[in-house]
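Down below is the structure, laid out as structure tokens.
Chain nomenclature is as follows: A, B and C, assigned in order of appearance, with residue numbering initiated at 1 for each chain independently.
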Amino acid sequence: MKNCKDVICGKNVQIYDFTNLYGCHIGDDTKIGTFVEVQRGAVIGARCKISSHSFICEGVTIEDEVFIGHGVMFTNDKHPQSCNSKGLLAGVEDWTMMKTLVKRGASIGSGSTILPGLTIGENSVIGAGSVVTKDVLNNTVVFGNPAKVKS
Amino acid sequence: MKNCKDVICGKNVQIYDFTNLYGCHIGDDTKIGTFVEVQRGAVIGARCKISSHSFICEGVTIEDEVFIGHGVMFTNDKHPQSCNSKGLLAGVEDWTMMKTLVKRGASIGSGSTILPGLTIGENSVIGAGSVVTKDVLNNTVVFGNPAKVKS
Amino acid sequence: MKNCKDVICGKNVQIYDFTNLYGCHIGDDTKIGTFVEVQRGAVIGARCKISSHSFICEGVTIEDEVFIGHGVMFTNDKHPQSCNSKGLLAGVEDWTMMKTLVKRGASIGSGSTILPGLTIGENSVIGAGSVVTKDVLNNTVVFGNPAKVKS
């Protein structure tokens, strides 16, 4: 009971039910929880955990050994609109995709939202419920809305 | 693999899998993403995008050409309770539904929560991860928790 | 169209479609909404409403007559990681589960995230979109990120 179309999967990938994955790469031994959507072009490394209710969009690259909590929303568009200036449904020509990179060993807490175009550093920790609006350096803990380094 | 009961749909509506829609109106050319629930009585206009993981409750009216991001939660009850004062499961007689109106061309960023009883203005923009607690004027950008106009 | 494995259910429990429940207890007359996951070991009391898109993890005990809004994320691990220090997928031996207790009659607003190891008091109210980082006393209203008592 899952949708899995044009997905390039490594070995021992576990994909739970009620998931919608298409056109993405998933590395060895990675687990994809229930109610997760991963869009075309997203790349997820090896030995990651992508927890339930999360959304990984096009333009997101997640390196190896990354933890993504539950209900984490990635974004790739700074100015999302339903329609373009002509009143037609916005298509690929109407927006600029902004890429996001989550580096090796990072941990993104549940309920977090990640604004587009950011780099989340190696072994960094994003506290649960954060809204990440800026790059996060390696080995750094941030949290809050907007997410900041603990001071 | 979707639930769609008593839904009045316009032309060219696209409804993705794992959705739960009942008793609602959906306008022409609108797209409803994966893991979306739309409750009885909700009205969604034409040429809208309702992104994955979002919840549109009873009492919400969304005009044409509105973008709703991923994981957006609408609400309609200021004091939600499981049971009434008699210890019985709360029913329709135990609460006041507060209506929400999202006006034409608005864009609500992913991971936002919208408190009940609000009007979100025409062509307004709600930044990702916001908690909207007050009306939003037309052509206005707000963000944060609580969402405020950029100062 | 639901997954329900090793669940101990009371009388008149209502479980909606696209749910993933396993190894948990659910009390009499409780309703479990669409897109909800309840993990092994979680305990939910009688006459509760667990609204759509919410995640109830292992280690969470919810007493009777509790309202859980839509898109509420519980957590049970203060330092979630995908892999342990040996680079292997983290298992039960690699983390300490922190328990959460939600006491009778509490109401947790939609879009909230609950950090691990907390007690949410009797008849307390968590405003929508909150991030709860500390215990909440009985009969207390908190909201915001981090959630605080209204001052």
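Here is the rule we use: a contact is a pair of C-beta atoms (placed from the backbone, for glycine too) under 8 Å apart; a residue touches a chain by one contact, two chains touch by 3 or more.
If you're wondering where the values come from, they're calculated on a predicted model, not measured in any experiment.
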Task: Copies chain B and chain A - interface residue numbers shared by over half, same or different - done: different
Task: Rotational angle, Cα trace of chain A fitted to chain C, multiple of 5° - done: 120
- [ ] Would you kindly tell me how far, in whole Å, the mean C-alpha position of chain B lies from that of chain A?
- [x] 23
- [ ] Quick one: which residues in chain C touch 2 or more of the other chains?
- [x] 1, 18, 35, 53, 71, 111, 145
Task: Contact set on chain C toward chain A in their complex - done: 1, 3, 18, 20, 35, 37, 53, 55, 57, 71, 73, 75, 79-83, 87-90, 111-113, 115, 131, 145-146
Open item on the list: Show me the residue ranges of chain B that touch chain A in the complex, using the header's touch definition.
Closed with: 1, 16-18, 29, 31, 33-35, 47-49, 52-53, 65-67, 69-71, 105, 107, 109-111, 125, 128-129, 144-145
